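Shared between the two complexes below is chain A, which has chain B as its partner in the first and chain C in the second.
Entry: the complex of A and B
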């Protein structure tokens, strides 16, 4: 069956809480362009290039160095010998940060 | 696995076309996703004033996880800059193209790094082992184990 969407009406949207200053800001969309994974350059709210659907199946990962990536992108990097287990941004040893869910 | 390469390179290309390129850098050819050519000029008062070079980027299938193979084009049209880290066959000894590669680097950031490597050069000369290296060099510089022993040039 072929379905044609004639109109749609958004009632809510989600975004990852990356801890960036603009996160609580209603106008954060202005800066949305900056919020991309440094490895694949796709936005955090999109998914990594190997996934089809954004959301919990393609989560983000935070390092203690505060840098954020799509988890799948970062794991691809850490799985290479050349990564030397370092953060791609600052080359410090990658240590995944514990995130407390407080909201 | 090819998707990360395709998506990332298309994105880089789109950004170059919409936001423009840094001064001195232009696209010579980027019409497929296996090999790009970009020209690099070093502006201002440097040893390479008035010279123009061409960089060839060859992308492995899982770029940017793996580094691109980057060389200066050395053929009948282009020559490689005379620089202590650049062999006459165009191979470049730069740590970011080898063990210091990071997937957050990009085509533009590599061009900028090499542009500033040329800009800070104080003495135009080939690497001391140029002739020996060039006669035995593999086609792909990523198969060379360079020694990164001199950060000051």
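Entry: the complex of A and C
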């Protein structure tokens, strides 16, 4: 018997490739639940408080310190005086990692 | 001389008329009716009746004859006839009767006197009374029929319009609500009644009463039990939402405006106020326009919150979007835009994201595969904005895996910061199976497709092997996929083995065809999700069983009504309890549920 697929309509959901170890594992799902932005506490796959559309419209930003935030959340934070241009999680100077931001 | 004659006649009449027994009135009335058909033959008779003073003394009876005649006319020509207007016809008949009758009865007298103005006035008064009589009789008749008229609306619009014309004479229609409420209770608010039918009835009722009684006084009296009943029906939200988004459904009438729901609640608060009183009759034509209320808003306002609707909308939309293949999304987009006008932008944001996922997916697929057709089309969704989807650990075999891997790699190149996670059980596959003696074309679910793909590698399998090859999915799922292929005559079952039929075994295949298994993944998802949502209530159930040791299901259901947002039916609760029993959490003994002792 020969099986020919004429048309397959499949469904998948997207996730940010945060580059975290084990990201590709099937059992990384449970950890993914905890993947929230350290500033707004909303999931990375959701959107920051000012955005309505998730994904490309509300991208993530990676720091060299390995912390990840919604880009809009971090920019807002860096714009405040109290930020002193530091990562809000570890208070190290914020330096955007080259790797992921522009593709 | 003339004077004496007059006096004599007066005396004669007074004495003679006084001798008539009371039953004479009825006799006269019945007798007069018999003359109606052949009026012209009775010219002399009426002349005598005038002479004897009977026409004057019993003038009321002469009018009653017309009432009798008209009542008969209405009873002959109106009951059960709702699809054509009747009132005009009866009014015309009345006018005609009146002229014929009055000129026959009094014609003698008045044609010879100059006092024609008096006659005209009298005529006008009689006309007014007849008209009122017709209205009252017709309204009484239609009131007794109102339930069926509403059920058959809008076909019965002519009857309703007749009523509207009659009603201003008889405002307020105090008896209409009573009879309607009784019938509604008997016929509509019954466990056996279909929720969809109840909604249809309610919508028709609103439309009918809006015509008869634009002020909404009657509706205000009749609607509350229906609204309460719908509120307690677990599937009502689903039905309303489904119809709200169905393009064949006409919840919106021409000229109606979409009303944002918030405004509706303000108006609705007024109606629920126990001190609420209808505006006076002379409130003016703009009374309605200050409190607009379209059908959808009215239905939504049955519930205290819109959350249920939004959740249901999301669900419905998800199902529909994942079912569309390559057809344009225009309908769904228009729907969501319309709903935004009602519910506001924010609650529908979820739906907007779903739609954006759909159009983004289209762009992605086109980007990856170009314009030429490719066997795999993937809808890439934003997980958090779609109904919870329980993953099934299905691993697609063979060429399906290759297609997935290819797409994943391409996708990662296109969107380097994203990766894909398959929801393998969702979607649909069109397949062509080339067998030795035939070609089979089918639409299959991914699980069915996965199973048959394995048969192209090897023609004999047993259930365990298939389960394992497909990533360890549930036995039931594999079994039902096998049943599907047995039904298609592609696979046969021998003992514990399943064998591919390279050559058709026609007769056997057909006779063994199992009943079709409803395997639509949407339904599957829905049940799973309901079971999942049910888990929220587990702590309530656990709590009450801890305190009260054991309870029959009805008590559990009754107590759960106090849990926030609980709207499940007893059946749904039973399904949940049964699954909890299988998990060893509860036991069922002597008709009651209790916690399994740890």
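In this section, the second predicted complex is superposed on the first by the 89 of 103 C-alpha atoms of A that agree within 3 Å, B and C clash if a C-alpha of one lies under 4 Å from a C-alpha of the other, contacts with A are read in each partner's own complex, and residues count from 1 in each chain.
Everything below uses one rule, namely that a contact is a pair of C-beta atoms (placed from the backbone, for glycine too) under 8 Å apart; a residue touches a chain by one contact, two chains touch by 3 or more.
Bear in mind that the values here come from a model prediction, so they are computed numbers and not experimental data.
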Which partner does A:97 reach: the first (chain B), the second (chain C), both, or neither?
neither
Looking at the overlay, does A:50 come into contact with chain B only (first), chain C only (second), both, or neither?
first
Count the residues of chain A touched by chain B and by chain C, then name the partner with the higher count.
C
After superposition on the shared chain, which partner residues are touched by A:65: those of chain B (first), chain C (second), both, or neither?
neither
Thinking of the overlay built on chain A, is A:2 touched by chain B (first), by chain C (second), by both, or by neither?
second
A:89 in the overlay: touching chain B, chain C, both, or neither? Say first, second, both or neither.
first
Sort out for me which residues of chain B touch chain A in the complex.
1, 3-4, 6-8, 11-12, 62, 64-67, 99-104
Name, in rising order, each residue of chain A that touches chain C in their complex.
1-17, 23-24, 26, 29, 43, 45-46, 52-56, 59-60, 100, 103
Once bound in the complex, which stretches of chain A touch chain B?
38-42, 48-50, 73, 76-77, 80, 82, 88-89, 91
Per the contact definition, I'd like the list of chain C residues that touch chain A in the complex.
322, 325, 349, 352-353, 356, 360, 373, 375-386, 391, 393, 398-400, 403-404, 407, 412, 415-424, 426-435, 446, 449, 452-453, 455-456, 459, 500, 502
